[in-house]
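Lettered A, B, C, D, E, F and G in written order, each chain numbered from 1.
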Amino acid sequence: MITEILILALAFLGALFILLAAVGLVRMPDLYLRISVTTKAATLGIGLLLACAALHFNDLAITSRVLAIILFLLLTAPVGAHLLGRASYFVNVPMWKNSVMDDLKGKYERGTHKLSSEEKTDES
Amino acid sequence: MNLLLTFVWAALTGNFDYENFLFGFLLSFGIMWLISRSSGDTRYFTLVLKVLAFIGFFIKELVKANLEVAYDVITPRFHMTPGIVRIPLEANTKLEITFLANLISLTPGTLSLDVSDDQKVLYVHSMYIADKEEFIRSIKDGFEKRLLAILR
Amino acid sequence: MEILLAIMVGLLYAAGLFMILRRSLVKLIIGLVLLGNGANLLIFLLGRLVKGRPPIIPEGSKALAGAFADPVPQALILTAIVISFGLQSFAIILIKQAYKVVGTDDLDEINATDEDA
Amino acid sequence: MLYTLLYYAVLPMLMISVVLAFVRFAIGPRLSDRVIALDLLITIGIGVIAVYSIINEQPTFLDIAMILALIAFLSTVAFSYYLEKREKDDN
Amino acid sequence: MLLAVLSGFIFALGLAAFGRRFKGRAVVLSALLPFGLFAYFLSLLPGAAAGQPAVYRYAWAPSLGVELSFHADGLGLLFALIISGIGTLVFLYSAEYMKGHKYLGRFYAYLGAFMGAMLGVVLSDNILALFIFWELTSLSSFFLIGFKNEEAASRRSALTALGVTGAGGLLLLAGALLLVYVTGTYSIREMLTSGVALPEHGLYPAVLCLVFGAAFTKSAQFPFHFWLPEAMKAPTPVSTYLHSATMVKAGIYLLMRLSPLLSGHQYWHATLITLGGVTMLYAAVHILFRTDLKGILAYSTVAALGILAFLIGIGTEAALLAAAVFVLVHALYKAALFLIAGIIDHEAGTRDVTRLSGLGRIMLPVAAAGFLVAISSAGAPPTFGFVGKDLIYEATLHAGPWSTLLTAMAILANMLLLYGGFVAGIRPFAGPLPEEFEKAHMPGPLLWVPPVLLAALSLLFGLAPQLLEGMLARPAVAAMVAGQPDFHLKLWHGFNLVLQLSGLTLAGGLLLYWLFRPSLRLERRIGRLENISPKGITEGLARGFERFSGWYTHLLQSGYVRRYVFIIISFLLALVSYRIFTSVNLYIDYGRISSMATYEAVILLLMLVATLIAVFTDSRLAAVAAMGVVGYSICLLFVFYSAPDLAMTQFAIDTLTVILFVLVLYRLPKYLKISNTRGRLRDGALALAFGMLITVLALEVLNEDINREVGNYYAEHAYVLARGKNIVNVILVDFRGMDTLVEISVLTVAAVGVFSLLGTGLDIKKRGEK
Amino acid sequence: MNTIILRTASNYLLPLLLLFSVFILLRGHYLPGGGFVGGLVAAIAFVLHAFANGLDNTRTLLRIHPGYFMPLGLALSFLSGLAPILRTGRPFMSGLWFDGPLPAIGLIGSPLFFDIGVYFVVIGASLTIIFTITENA
Amino acid sequence: MTTTGQFLFAPLLFQFFLAVLLLFLWRRTDLQRWASIFGNLTGLGLASVLFLRVWRGGALSVQAGGWEAPFGITLVADMFSATLVLLTSAIGLAVAIYSAASVQELRLRLGYFPILQFLLMGLAGAFLAGDIFNLYVWFEIIIISSFVLITIGGERLQLEGAVKYFTINILASVIFLTAIAILYGLTGTLNLADLAVKAKDIDNQALFSVSALMFFAGFGIKSAVFPLYFWLPASYHAPPAAVSAVFAGLLTKVGVYALIRIFSLVFTADPFIYEFMGWIAILTLFTGGVGALVQNNIRRVFSFFIVCHIGFMIAGLAIFSRPALAGAVFYMAHDIVVKANLFLLAGLIFKIRHTNSMKKLGGLYAEYPRLSLLLAVPLFSLVGIPPLSGFWPKVSLVLAGLEGRHFLLVGAMLLASFLTLIIIARLWAEVFWKNGQAPEIKPNAGYFPDMEPKRRALLVAPIAMLALASLYIGFAAEHLQLLSERIASELSDPASYIRAVLP
C-alpha cells in the first residue's frame, strides 16, 4: 500500500515535470530558452516515472534496467541540448529580444567554426 | 572501465551469477580491447563511486532549479534576464570539461553552448543573469569546485 | 479503434501517393516511406488488434494461453520494415546521385530515357 | 487504484504534454524548434511506455523504453550535424 | 520425299557454311539438284495418275498437330514439276547471269531455300506444315527481293512484299487453325473427306475471309497486287522464279486445294469472280502504261493471276481444268519472257521498251524463243497458249447466267496480254538495230538455252497437248472436283464459237500492238495517280498508322514518372472500386470494433497532423522530421498493441532513416514551387480516393473471422519444439527463417548498392581530376 | 563536429551501446530483441562515434571495412541453416540444439547462430550505407 | 521428408553460396569472372538434375526448417517451377559468360557479379516459393538487385531510368504487400496450397476476389502489362547489355509466373478476372507493338517488344483452357531465351558500332556475314517465322482463342505478330543491309573489332548458346510442347500441387 502511494506520488510528480517541460516548450520565447527548459524538466520527469516502474515491479533485473535508462538519459540529454544549441547559434537562430548579453558574438571563425577564448575580440 | 562494464552487463541481464559475471567480463574485455586501440588515455573510471555520490548531490540541485524555472513557466509574465555568458575554466581535461558542461546543461535554466578550442572557456546560456560576475562565481564555486574535488 | 486506425492507414496511403505525384525527388522518397508505413500498419490492423498481450511466453510456462496478439503479422511487418529500410536507403542515395549527375530535383526534367535517340 | 489513477490522471497529463510538444513541433518556426520538440516527444514516449508497462503488468515494455532512451538522441545529433554542416558549406 | 522437300534447305545450309568455295563449275552443277527433283517428281506421276499418290509422313510436333506429311497427288505434282523444272533452268541461268557476284553463294542459298519451301507448300497435306512452308517462301523471297541490299529501293520493296505477304500469312494461320477447329483435323485430305459441310457452318464467312486474305496477298490480287511490280527490284532470275512461275501461284494453289471444301457458296464464287476479274482487267490495262520490260511482265503476271482466280471462282470442271492448264501455260511463257528480258538487260544494258529494237540480229535464238512464247502468251496456235485460252473461253461460255459478260472480260484481258507478250517478246528483236546496241552480242548458252527450252515446250505442248492429259491434267483436276473428270486436251476443236473468239482476241490484240506505242509520257501520267492507287492508299494508311503510333506512344510514355503513377493508381482504383461497389456488401460490424482510449486517440491525432505536415510543409527538413514523428507514433501504437519487437525495430530504423535523409539532404536544393493548384487538386482527389479505398477494404476485411490456426500453432510449439519464448523472434529465426535469410540478403544488396552508386561517383571524380 | 563534449561522451557511449546491443541480440529468443535490433543498436553506436570523432577515427577503430561484416554474417546464417542438413539430413534451417543451456547465454543452437549472422549483416549493411554517405556528403 | 525433396534446396542454396562467395572475392574481379562462370555452370547442372527429378517423379516440395505446411515455409518444384529454374540457370550462365567479356572493370569493382548472383538467386527463389509472403521477399531481393544493377556505373541515363524503374517497382511492392495484408486478414494463412484449400471456405468471396485484383495489379506492374508497363521502356535500355538481358529474359516473366501461379491455384473462382485479363492482353499486345513501331534505338524497340509479347502470355492465362495455358507456358520459355539473347545482341552491336540507333547503324551483313546469320536466329525467332521458336506457342494460343471464341484476342495476337514481323524486318534492313559506316575510332573503348579473339569468343558464345537453344525449341518443338502440356495440365488441376505440399 505504501509503495503504491509512493508510486502514485512519484508518477504524478514525474508527469507534472514533463507537463512543465511541454508548457515551457510552447511558451518560451526563444530557442535557447526552450532547450533550457525542456531538457532537464523532462529528464527529471522521466527519471521519476521510470523509478515508479522499478518500484512497482520490484525486481532486480528491472531496477537495473531502469537505472541503465536513467544513466543513458543523463548522459545523452545534455549532450543533445548542447549540440542543438550550438548548431542553432551557427545558423543564427535569434535570441529573445529581452536578452541581456551575448558573450559568444563574433567568437566563431567563419567557415571552420574554430572558437576562440579571447575575452575581447574585434567587436563589429 | 572493464569492471564497470562487467557490472553494467550483470545489471542489464539482472543476473549476478558467477558465470554471468565471467561472461560479462570477457565480453567487456573484448569490447575494451576493440576500443582502447584508438583512444590513448586509460586513466578512466577509478572514481566511479565518487561520481555516483556526486549524482546524489546533483539530483538535489536539479529539483531545486526545476522548481525555480517552473514558477516562471507557469506564471503569465516572464521574470527572466537571459543571455550568453563566457565562463573561464579551471577544469582542463576533456573529461572534466565534459562533465561540467553536461551538469550545467542538466541544471534548469542553463545550457552549455560550447567550449573554446583551447579548452579554456565555456560559453553558457542562462535564463537568469542578474549580475554576470555573480553568476560566473555561482557556477565556479558550485559545480566546478565540487566536481573537480571529486575528479582530481 | 479499428475504424480510426483504418482511416489513418488510408490517410497514410493517400499522403504517400500524393507525395509521389509531386515533382520533387525528395518528396517522392518521403512518399514512398509513408506508403511503406501505411502498408505495415495495414498488415498490423488486418492481423487484428490485441491490446497489452505481446506474444511472449511468460516465464515458467511452456506455451502461450488465452488471448495474445497474433505473432505472424508482427514477424511479417518486421521483415517488411527491414526490407523497406534497405530500399529506402538505396532510394535516398539514388536521388542524391541523380541530383548530382542530372543536376535537378525536378522529376519532370528527368525524362530523357523516354525519348528515343 | 493504482491502475485507475495512472490511467485517468497520469496518462492524460502525459498526453497533454504530447499535444503541447507537438504544437511546438507543428508551429516551428525553425528546424531547431522542431528538433527539440521531437526530442521531447520521444522523451515523453519513454514516460508513456513506463506507465503503460505498469498498467499492463508487462515489464518487457521497459526494454523498448531503453532502446528509445539510447537512440533518441541520435536524431538530435544528426540534425545538429546537418545545421552545422550546411552553414559551414554556405560560407 | 522428305529428303526431296528438305533438300533445298540442306543445300542452303551447306552454302551458308561453305559459301566461299561456291564458284565456277560448282555453280552450274548445283542445277543438278532441281533437275534431280524434277526427275523424281516425274517418276511419281504414274502413281498419282493411278489414284495412288506417293505419301510420306513424319510426325514432327504431333502434339501441336504438325506433321511433315507429304502427298504427291496430281495437283501437287503439277506445281512441284513447275517448281523443280523452272528451278533447274533458273539455277542454270543464274550461273551465268550472276557470274562473279560477290555473294553468289548466298544467292543460291536463298534460291535453294525458296525452292524447298515452295515444294513444301504444294506437297504438304498437313495444313500447319503448309503454313510453315508458306511463311518460309515469304521469308526467302524477302531475302531475294532485298538481295541488292545496298540499294534503298530494293530494301523498301523487300519490306513491302514481306509486309503484304506476311500479313496474309498471319491470316492464313488464323484461317488454317479455324479450319482445324471446325473440321477437327489437321490433314487437308481428311478435311476434304470429312464430310463437314463448311458453307453451312457459322464460321464459314470467317474462314473464307482469312483464306482469301492469304491467297490474295500472296497471289497479288487487286488491291494487294502492288507489291509484285515493286518486287521487280530483285535480280531477274528471282523475278522469273518467284514472281512469275512459282511463289505467286501459291495463293492460287491454296484456292485450288481448298476449292472442294470451300466452294459451293456464292460468297466463294462471287468474290473470286469479281476480284479475279477486277485484277485481270486492272492489271491488263496497266500493261499499256509501262515501258520497263519487267514492269510490263509484272503487270501481265498480275493479270494472269487474276484470270486464274477468276477461273477458280467460276468453279466448274471446265474452269478448273482451264485454270490448271493455264498455270502451266503461264509458267512456261512468262518464265521464258522474264529470262529473255534478263538477257536483254544483260546484253543491251536497258529494259526500256521504247528504246529497244533490232536485237534479233544479234541474238537470233533468243529472238526465236521470244517470238514463240509471245504467240503462246497471245494464245495463238499452234502453241500451248492457244490450248489454254480455248479452255478459258470454254469455261466462261458455260459459266451460267453471266457468261456473256465473263467471256467479254476474258477476251479483253487476253487482248491486252497479247499486247504485253508481243511488246516483251517480239518488239525488242524486231526492226532496225540502233547504234547504241551494236556492242551487244550473243549471250552464252547458259543464258539462252533455258528460254529456248521453255519456248520449245510451249510449242510441244501446243502441238501435242494430249501428252499432258492423262498423266498431269486429269489427276490435277481430279484433286479439285468430285468424281473422275472427263475431258480431252486438243489443239484443234473444230471451227466453233471458241475459235471465233480466239480469232477476235488475236485480231484485237494485234491491232492494239500495231497502233499503240508504249511511252514514258503515259507512264508518267499514270504515275500521277499513284496516291489514289491501292499502293498509294496502303502506304498512306501505313504512314497514318505510324503517325498514330507515335502519338499514342508518346501520349502514354510521356517521360513523367508521376503521370505513370497516376495512370497506374487510377487503373487500380477503377478496377477495385468497380468490383467493391458491384459485388461486396458494404457494412461495418461494430461488434468487432474495440473501444478506444484517449491516449490512443492522441497518438493517432499526432500521426495525422504529422502526416499532414510532412505533406504540406515547404521545408524539406520539417517534412523529414514530421516523417520521423509518424514513425515514432507508429512505434507507440506497436507498444500499445502488443508488438514490442516491432516497436523497437521501427524506432531504430526510423531514426536511421532520418539520419540518412539528413545526411543526404543538405546537398540537395530546397523545394521548388512548381506544382500548380489544379494539378494538386487532381492529385489530391486521386490520393484521397485511393486512401479511402484502402480504408474501406480494411474495414470490410475486419468484418470477417480470421483463422488463427498458424499463430496458435506457433504459440503452442515455440518453446516446446523451437526452444524460444519470444514467438516473433522464433518465427524470424526458425519457423520462417527462410524469409529472414533472404531479407538480410536484401539488406546486403542494398548496402552494396549504396556503396557502388556512390563509389562510381568517386571514380568519376577521380577520373575528372586526372 | 568539433565539440569535445560530444567527443568525450561518445567515447563512453560507444562501449555502452555495443554491450547493450549484444545483450539485446542474445536475449532475443526469450524477450523482445534479437539480431535486427541488436545490429541496429550496434550500428548506431558506431555512427555516433563517427559523428563525434570523424569517420576516419571510426574506421581505424573498426580496422576492417564494415562491408565485410555482411558476407561474414551471411555465411554464418547460411552455415547455421546448412548444419542440420550436414549433421542429420533434416531440411535446411531445421533447429539443431546443443543439450543443456550455457550459462549467461542460454541454449546454444543453430537459430542462435542464425541470429548472430543477422546481427552482423545488419551492422555491416547499416554502417556501409551510412559511412559511404558520410564520406561522400 | 524424403531426400528427393531435400534436393529442392540445392539450386537455391548453391546460388546463395555463390553470391556470398563472390562477395568475399570483392576485390578479386579476375577470380569473380571465373567463379561466376563455373558457378553458374554448376548451377545449371543442379537445375537440370532438379528438372529431371521432377520430370520423372512429379512435383516435389520441402519445408524449410522441417515445420510442416502451412506453418513453415514451403518450397515447391512442380514442372512449371522446375522449368523456369532451369531456364533461369541457363540465362544465368549465358549472362555470366557475356558479362565476363563485356562488363567494364569499373563496374566489376563495384560488386557487379555478386549482385547479379543475388538477382539470379532471387529469381530461382521466386519460382520455387510456395508461400505468398516468401514470394514477396524473393521479389524484394530481385527488385533491390535489379536497382543496383541498373544503376551500377552511375551514368546519367542509368540514373534517370533507375528513378522511374525504382518508383514504379516500389509501388508494385506496396500493392503486393497490401494484397498480402488483405489476404492474410481474410484467411490467416500464407501458404499457397493452404490458401487454395481455404479459398473455398471464405464467406466473403467478393472480398476475396477484390484481393485477387490487387495481386493482379501488383504482379501486372512487374509483368509490364497495359497500363502498368511504363517503367519498362523507360529503363531497360539504360543498364549494361548483360543486365538488360537478364531483365528482359526473366524479370517480367517472374511477374507472369506469379500471375499464372496464383490465378491457377488460389483465385480461380471469379470469371470476371479472366474476362478482364483478356482485355488487358489485347491492349498490351497493341500498345507494345505500336510502341515498338516508332522507336529508333534498337534496345528500345526490344523493350517495347517485351511489353507486347507479355500480351501473349496474359492472353493464354485469360483464355484459361489447357491448350491456352500450354501456349502461354511455351511462349514464356521461348520468350525468356529469345529476349535475353536480343539484348545480348544489342550489346554486341553496340560493341561493334558504338551506337544502338537504327539510323546510324548499318552494314553489319557485309562486314560480319556469319555473325549476322547467327543474330538472325533470335531476331526471326522473335517474329515467330516458322519453324523458329516463336511460332509454336502462337499455334496453341490462336487455336485456343478460336476455340474459346475470343476472336478479338486472336485478332490482337495476329496484329502483334504482324507488327513484330514488320519491325524486325525493317530492323534487319536498317542494321544489317543498309550500307554502314564504321564508327569513329576512339582509343581504348573496348571495341569488338579491337578485341582479342578469346574475348570475342566469350562475347559471341552466349549468343550462340541461346540461339542454339531457341533453334532447339523451334525444331524440336514437340519436346517443349509435351512439357508445356504437362505443365498446363498440372496448372489446371491444382490438386496435384496441393497434394505435394499438404500431406
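Some notes on this structure:
Going forward, a residue touches a chain if its C-beta (ideal position, glycine included) is under 8 Å from a C-beta of that chain, and two chains touch if they have at least 3 such contacts.
Bear in mind the structure is a predicted one, so any value in this text is a computation, not a measurement.
Least step count on the touch graph, chain A to chain E: 2. Contact with chain B and chain G alike is made by F.
Most remote chain with respect to chain F, judged by CA-atom centres, is E.
Counting C-beta pairs in contact across C-G and across C-F shows that the higher total falls to C-G. Centre-to-centre separation of chain A and chain D, using mean CA positions: 12 Å.
For the pair chain D and chain E, the distance between mean C-alpha positions equals 70 Å. Taking each chain's centre as the mean of its C-alpha atoms, chain D lies 48 Å from chain G.
Distance from the chain D centre to the chain F centre is 26 Å, each centre being the mean of its Cα atoms. Residues of chain B found to touch two or more other chains are 8, 12-13, 15, 101-102, 112, 114-115, 117. Residue positions of chain A touching 2 or more other chains, listed in rising order: 23, 35, 39, 43, 59, 62, 65, 68, 72, 75-77, 79, 82-83, 86, 113-114. With touch defined as above, residues shared between interfaces to two or more other chains in chain C number as follows: 20, 25, 28, 38, 42, 45-48, 51-52, 54, 56, 72, 78-79, 82-83, 86-87, 89-90, 92-97, 107, 110-114.
Pairs of chains that satisfy the touch definition comprise A-B, A-D, A-F, B-F, C-D, C-E, C-F, C-G, D-E, D-F, E-F, E-G, F-G. Remark: chain E residues 16, 59-66, 106, 128, 131-132, 135-136, 139, 142, 146, 149-150, 152, 155, 158-159, 162-163, 166-167, 170-171, 173-174, 177-178, 180-181, 206, 545-546, 548-550, 552-553, 556-557, 559, 561, 564-565, 567-569, 571-572, 575-576, 579-580, 583-585, 694, 697-698, 700-711, 713-714, 734-739, 741-743, 745-746, 748-750, 752-753, 755-757, 759-761, 763-764 touch chain G in the complex. On chain F, the positions that touch chain C within their shared complex are 30-32, 36, 122, 125, 129, 132-133.
For chain B in complex with chain A, the residues that touch the partner chain are 8, 10-16, 55, 62-63, 65-66, 69-70, 73-74, 78, 80-86, 88, 101-118, 120-121, 123, 125-127, 129, 132. Of all residues in chain C, only 54, 56, 78, 82, 86, 89, 92-93, 96 touch chain F in the complex they form.
Every residue of chain E that touches chain D in the complex is listed here, in rising order: 598-599, 602-603, 605-606, 609-610, 613, 619, 621-622, 625-626, 628-629, 632, 635-636, 639-640, 644, 647-648, 651-652, 655, 658-659, 662-663, 665-666.
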